[in-house]
Structure formats: C-alpha cells, structure tokens
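Right after this note come the structures.
Here come two complexes built around chain A, the first alongside chain B, the second alongside chain C.
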Partner chain A sequence: MTVEIVKPGLATTIQDAGRPGYYNVGIPLSGALDQYSFRCANLLVGNDENAAVIECTLLAPELLFNVAAIVAVTGADATPRVNGTTAPRNESFAVQAGDKVTFDFMRLGARAYVAVAGGIDVPVILGSRSTYGLGAFGGFQGRKLAVGDKLPIGKPSAAAKAGRQLPAELAMPLPKETELRVVPGLYFHRITEASADNFFADTWAVAPEADRIGYRYKQGRPLQWRDRKQPFGAGSDPSNIVDAGYPYGSIQVPGGVEPIILHRDAVSGGGYAMIGTIISADMDKIAQMQPNYKARFVRVDMDAALAARAEYKARLDRVRKALA
Partner chain B sequence: MAAATARYSFGADEHVFVEFSEDMSLESFFKGMAITDALAKRKVPGVTEICPANASYLVRFDPDVIHPNEMMKLLQQLERDVGNAELEVATRIIEVPVYYDDPWTHETLMRFRERHQDPKATDLEYSARVNGYASVDAFIDAHAGSPWFVSMVGFVAGLPFLFQMVERAKQIETPKYLRPRTDTPKLTIGHGGCFGAIYSVRGAGGYQMYGITPAPIFDPAQKLPYFREFMCFFKPGDIVKYRKIDRAEYDRMNAQVEAGTYDLRIRPVSFSLKKFLADPAAYNRKLEETLYDR
Partner chain C sequence: MAHHEVLSPLPGTFYRRPAPDADVFAKEGATVKAGDVIGLVEVMKQFSEVQADVGGKVVRFLVENEDAVEPGQPLVVIETA
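Take a look at the complex of A and B:
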C-alpha cells in the first residue's frame, strides 16, 4: 500500500492543513502553501479535506504506485501522465498497481497537489502530518522526498471514485500577474509617506529566493526609513527593530531593498521591521507564483480583508457542494 | 483604571501585534509575559497562537470566531487588568555548560571572515574590544558571570533569545555580522545587538559566535530526560546561567548525550522584577544559590 518516489522533483513534501499552536516556540504552521488547491485535491478523491497530500514545487516528481488507487491533481498546470498517457487535472482518475505517474513541466503556477484516496499516511506529529524542513520533523522523515521513498497510503473512503470533476470556474486561477492585498500596519509608520506610495505603485517580480519560508520580491524602488535614533537592542540598520514576532503574510524589508513575505514555514520572529501583512484570502495566490511572476501590492482596510475572506470561504463551500 | 499604553496594530485579518516599547527592557518583557499568560488562561475561542517576544507580543486568531476589533479590545482590557501588578513569575533557573572558543565555531567564523566587521580578529576578540574588556578571558568571565533571561523563543524551533541580567551600562552589545553567514554550528552560543542566542539547529545566522554547548535544546525524538514534556526545551521566562567548561568536560558530556544519560541542572525559582531592579548583583547571587543548592 505505497507510492514510491522514482524521481523526487525539485522540492516535494508531504503537507496537510498545518500545525497551529506552537509558533510561540518557533514551530510554524507548515501545511500546503495553497490551501485551496490542497482541499480541492482531497475532496476530488473522497478524502477528508485535511488529509495529507504530496505538494510538488516547479518540477514535479515521478511516482510509482505499488497498489491500485484513485488520484487527483490540482493547483499548478502540470499535465499528469499515467504510463505516458495524459490524465486529467482537477478530476479524479484511477491508477493500477505498477503504474507510473509523471508530470509535464509546470506551464502556469508553482505548486501542484497530488491527493491519493486514503491520504498519505505518515505519522501525526503535534497534530499534523505536515513536513517542517528546518525542524527536520513531520511529513516523510522530516524532509523533502527522495528517490526510493515509499509513502504509505491510508484506507480510501467509500466516496473514492474516478471521474469526479472540479467545475472549471472553481479551479485555482494561475495568473502571471497578480494583485496582493495588504493591510498596512505593524511598523508601517517607520517608512516615509513617499516610500509607502512607491511601494504600492511599483510592480514587483518574484526573486529566485522564494520558498515555503518566504517569498522575496525585487524590481521595485527601495524604501526610505524615517529618521530616528535606533532604540536600545534594535540593531544599527534603520530597518532593524528589537526582535519581535512575525505574523504569517507579514512583509519585511531588510535594508529597505527587497520585500519578503513570510509564508507557512515562516521563521517566527526576528529583527526586521514589517510594513504590513498580506490578507489571509491572498496567501494561496503567492504559493502559485513562479520566479519572475509579477505582483502589485494593493492597500486595503480590515473590512475589505474580511470581505475577501468571506468570499474565499464561500468559494470553498461551492467546491464542497460540487464535489459532495 | 489605567489606560492602555502599548501600541496595537493588526497583522491583516488574523493577527494582533502589541508593542510595549521600541527599546528592549525587562519591564516590557514582563508586561508581555503577564498579559500573554492571562490570555492563555482565558482560553479564548478562536485564538490559535500566543507568542510573547522581547518587548512585544503577537496573537493569531480566527476572525470568523472572534472579530478583529473584539480581539484587540480584549487585549487592551488585559493590559489594563494587569496594570502595574507586582511582576513576579514562577520560573526555573538552568545551568548551561559552554565550551568557549571551541574549534567548531572557530572554524566557522574563519570561513566567513570577509562578512565580519573585523576580519583580522575572532568574534571573541572583537566583542571583548568593542565592549571595553582588556582580554578575551575577562569578556568570557562577564558573559558567564551573570544570569540571562529567556525573553523570546523562536526564529526557528526552540531557539532562545537571551537578555543579560545586569544594568544596561554593563550589558554586552555587539553588531551582527555585516552579511549573515550561511552556516552556524548547532548549539552555538551567539550574540547580536543586546541579545544572546543558542542556535537550536544548524543553519544561517548573523550573531557573533563565542562557543558551543554540548546540551541539545531541540529534539523531535525527545531522547534526553529534560525533553520529557516537549521537543523544545526553552520557554520564555526561563533563567540561564552559563558555566565555562573545557574540552575534556565537553567530550564527557557529549558522550553522555550520545548515550541518552545526559541531564541539565534545573531548579525552580520565583523571580521578582522589582527586587531584581533594586539590586541586580545581590539578586543574581541569590539566584545562583538556588541553582547550586547553597
């Protein structure tokens, strides 16, 4: 009852809904970076929507199924193939024991999710099966998947069947240019008004340093900090603060040069001023950005953030109804 | 009723961030501890993370369960409730053995010399000089001479930030590396700004490196006795006393760690901020007496 890794891909890990509750000791949430696509994948194969799946980044793995299974692939646009024959995206399909599943390159998006009916049955640690790489625990032996790893599969539910389809209008959008909505705050008052205006006016490109910990953006104008005598303990650079907790989605700008948005494997705190936070409804969009994809940061208030969150949840409810 | 004096800010729709002061101080830290403890005890539905830090704290919540405005109001109320209450905590004091000027951090600091302010000196030599110590030995004696407060745990799993328990004028202060290293040995004793740190895992880092401890502080397998409760050893509010050890003692302790028999010296202690601030040196001597059962 296993799936074997024939080729590991670029950064392939086991993830689920995540591991809340331990950020106070530096253990981050982890979990699928694009939670929407992750949940869609599970619902397509009749799993509990929080079951563990395979998260594939930019270059997907090659998988050998040692048992017959129902599979679904969501998220990034990488065509799956079963023994070389095209299989559908956003639709469950059957594989037989001995079948090899490969993927074409990712045309759009950065993360594909492979759900197997029954879920990937790695041990639950602190309430989650998600991989936390820096801490070297969770997922499969606390690390990215490697050649020869055999992933145990759980027992499929009675709802597992091939041919269940996600309506096209409910698939994750995969634009090359996107708007990320930001609630300014935290240490926003530390940058000049002109810098704040530039930050929201400029178009930013994803830098090569973009992973589960954080996404770095480049090509916008550097930020100017307001003059002050640095407080005791803060460090000498004007972008430094006395080390503080970092919210998920918070935007820090070390040296004022390249903004970094922390994602679900975030470092939990540090000494760089954060100028605002990406709204919860837009975090999945970041997960689907390849290096050089463009973003504009859009200033919104709390009401807009909550309205976007309600919309996100309503959309997920439509998925649940459509796939029930 | 005292007014809420801290600075409150939303981290979008899921976080409230509260800053007591821009600079580091034990008063700010204690206020954060008192409020986050009170919040944890209330078990507020929807609150998923409560993270005290040096002079601030962070709360994450589900805005579908508790509206952000309600969340912020509740935290402001807690600040008023805690007010100027006697800031006293029941905590523990822990002896952490340190092999200063060890070969592993030395090898690493030599490898990244071009990223340092003073490529011709070691991190210990540089830190001793900028803090006005006549020798590396005198600097090490100061580093190991007073206890340190764990004022935050994080960055990565189980990493403690430590604040030296002496008057501000006597506190060790050093810049971080000009550019961060891509490597730091696991269990390095480091220092940056006014904070000490013990690197819980191997990885990137920008703090000056002074030595290494044989005692693991993060272990997902929870092998040693002091990991019985949890895989991260340190908690905010812990008090640490370093003890200088030599190579022979380091090797002996390391063998015990390998064998799974190593344990730390830990004693329960209550800490009063008021009494400490009145006479830090005398208070620290008392803490040491508790640690060594004198």
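Take a look at the complex of A and C:
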C-alpha cells in the first residue's frame, strides 16, 4: 500500500491543511502553499479535504504505485502520464499496481498537487502531516522526498472513483502576471509617501530563490525610509526594527531593495520592518508563481480584504458542491 | 540530418559552465552523447543538470549564460546523425 519515489523532482513534500496554533513558539503554519488546489485535489479523489497530498514544485517527481489507486492532479499545468499515456488534470483517474506516473514540465504555475484516495498516511505531528523542512519534522521523515522513499497510503473512502471532474471555471487560474492585494502596516509609516507610491506602481518579478519560506521579488525601485535615530535594539539599517512577530503574508524589505513575502514555512519573528501584509485570499496565487512571473501590489483596506476572503470561501463552497 | 532542441525542464537561471572559471559543458560544434550534461538551471538555491536527450553535434545555444529560462524553453540545437 505505498507509492514509491522513482525521481524526487525539485522540492517535493507531503503537505496538508497545515499546523496553525504554534506560531508563538516559533513553529509556522506549513501546509500546502496553494490551499485551494490542495483541497480540490482531495475532493476529486473522495478524501477529507484536509488529507495529506504530495506537493510538487517546479519539477514534478516520478512515482511508482505499488497498489491500485485513484489519483487526482491539480494546481500547476504539468500533464500527468500513466506509463507514458496522458492522464487528465483536475479529474480523478485510476492507476494499477505497477503503474508509473510521470509529469511533463510545468507549462504554467509552480506547484502541482497529487492526491491519492485514502491520503498519504504519514504520522500526525502537532495536529498535521505537513512537512516543515527547516524544523526537520512532519511529512515523510521531516524532509523533501528522495529516491526510494515509500509513502504509505491510507484507506480510500467509499466516495473514491475515477472520472470526477473539477469544472474548468473552478480550476486555479495560472497567470504569468497577477495583482497581489496588500493591507499596509505595521511599519508602513516608516517609508516615505513617494516611496510607497513607487512600491504600488512598479511591476515586480519573482526572484529565483523564492520558496515555501519566502517569496522574493525584484526589479522594482528601492524603498526610501523616513529619517529616524534607530531605537535601541534595532539594527543600524533603516529597514531594521526592534524584533517583532512576523505575520503570515507579511512583506519585509531587507535593505529596502527586494521585498520578501513570508509564506507558510516562514520564521515567526525577526528584525525587519514589515511594510504590509498580503491578504489571505491572495496567498495561493503566490504559490503558483514561477521565477520571473510578474506581480503588482495593490493597496486595499481591511474591508476589501475581508470581502475577498468571503469570496474565496464561497468559491471553495462551489467546489465542494460540484465534487460532492 | 535532423535538428533537435533540448528543452529546459524547469524555470530558473541557465548556466553553461559548472563554475565561473571552468570550461563550458559543451562547445558549439562539439559532439555530445545522450545523457551528457549541457548546462545547469539554478532555482530555489539548487542547481539541476540539463542533459542532452539525444546524441549529435551541438549546432548552437539559443540562450546565453545566466539568462532566465522558462520550463519548455529550447536551450540548444543538436544535429542528430
């Protein structure tokens, strides 16, 4: 009852809904970076939508199924193949024991999710099966998957069947250019007004080092900070503050040069000023950005952020109804 | 004589040499075998080898050293016998 890793891909990990509740002791959320596609994948194979799946990043793995299974692939546009024959995306399909599943390169998007009916049955640690690589726990032995790993599969539900399809209009969009909405704060007041205008006017490109910890952006104009005498305990660079908690989605700009959006494996605190926070409804979009994809930051207020969150939840409800 | 393009399997920064002061993996005009490394793609602080998927003569590189590349982007043309 296992899936074996033949080739590991670039950064393939086991993820689920995440591990909220421990940020105060330095343990981040973790979990699938694109939570929407992750949930769609589980619902397609009849799983509880929080079951653990395989998250594939930029270069997908090669998998050998040692047992017959129902599988679904969502997220990034990487065509799956069963023994070389094309299988659908956003639709559940059956594999037999001994079948090899490979993927074409990711034409669009950065993360594909492979759900197997029954879920990936790795141990639950602090309420989650998600891998936290920096902490070396969770997922499969606390690390990225490697050649020869055998992932245990849980028992499929009665709802597991091939041919369940996600309506095209409910699939995750995978644009090469996107808008990311930002609520300014907590240290937004530290940059000049002109600099804030530039930040929102410029087009930013994803840097090659963007990962689950943080997404770095480049090519916009550097920030200008308001003059001040650095307070005791803050570093000498104007982008430094006295250490503070970092919210999930917060944007820090070390040296004022390249903004970094903290994602689900980020550290929980530190000494960089956060000039704003990406709204929760837009965090999944970041997960699907390849290096060199472009973003513009759009300033919104809390009401707009909450409305976007309600819209996101309503869309997920439509998925649940469509795949029930 | 057929021309074959080797495609980048992933996005990132393309390198033709294993180190800044080293020789290129494959020179234009040289002969390569299937499986020979023709370059590296760096992304997420990891270097992935790009291998020739056919053997033949390296006709020309379509990207420069340190160019940004996309998944599926042609990197080099190989003339197969």
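Definition applied: the second predicted complex is superposed on the first by the 324 of 324 C-alpha atoms of A that agree within 3 Å, B and C clash if a C-alpha of one lies under 4 Å from a C-alpha of the other, contacts with A are read in each partner's own complex, and residues count from 1 in each chain.
The rule is short, and it goes like this: a contact is a pair of C-beta atoms (placed from the backbone, for glycine too) under 8 Å apart; a residue touches a chain by one contact, two chains touch by 3 or more.
Being a predicted model, the structure only gives us computed values, none of them experimental.
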Partner chain in contact with A:97 - chain B first, chain C second, else both or neither: neither
Superposition-derived comparison: chain B or chain C, residues of chain A touched: B
Partner chain in contact with A:59 - chain B first, chain C second, else both or neither: second
Which of chain B and chain C A:257 touches, first, second, both or neither: neither
First, second, both or neither for A:11, with chain B first and chain C second: second
Touched partner set for A:208, first chain B, second chain C, both or neither: second
First (chain B), second (chain C), both or neither touched by A:298: neither
Set intersection of chain A contacts, chain C complex versus chain B complex: none
Residues on chain A engaged by chain B in the complex (per definition of touch): 20-27, 125, 132, 134-137, 142, 182-183, 185-186, 231-236, 240-250, 267-271, 274, 276-280, 302, 305-306, 309, 313
Parts of chain B lying in touch with chain A, wherever the complex brings them together: 9-15, 17, 19, 21-25, 48-58, 60, 63-64, 68-69, 152-159, 161, 168, 175-176, 192-195, 200-201, 203, 218, 220, 230-232, 234-236
Contact footprint of chain A on chain C as seen in their complex: 7-13, 42-46, 48, 68, 70-72
Chain A residues within the chain C interface of the complex: 10-11, 57-59, 105-107, 208-211, 290-292
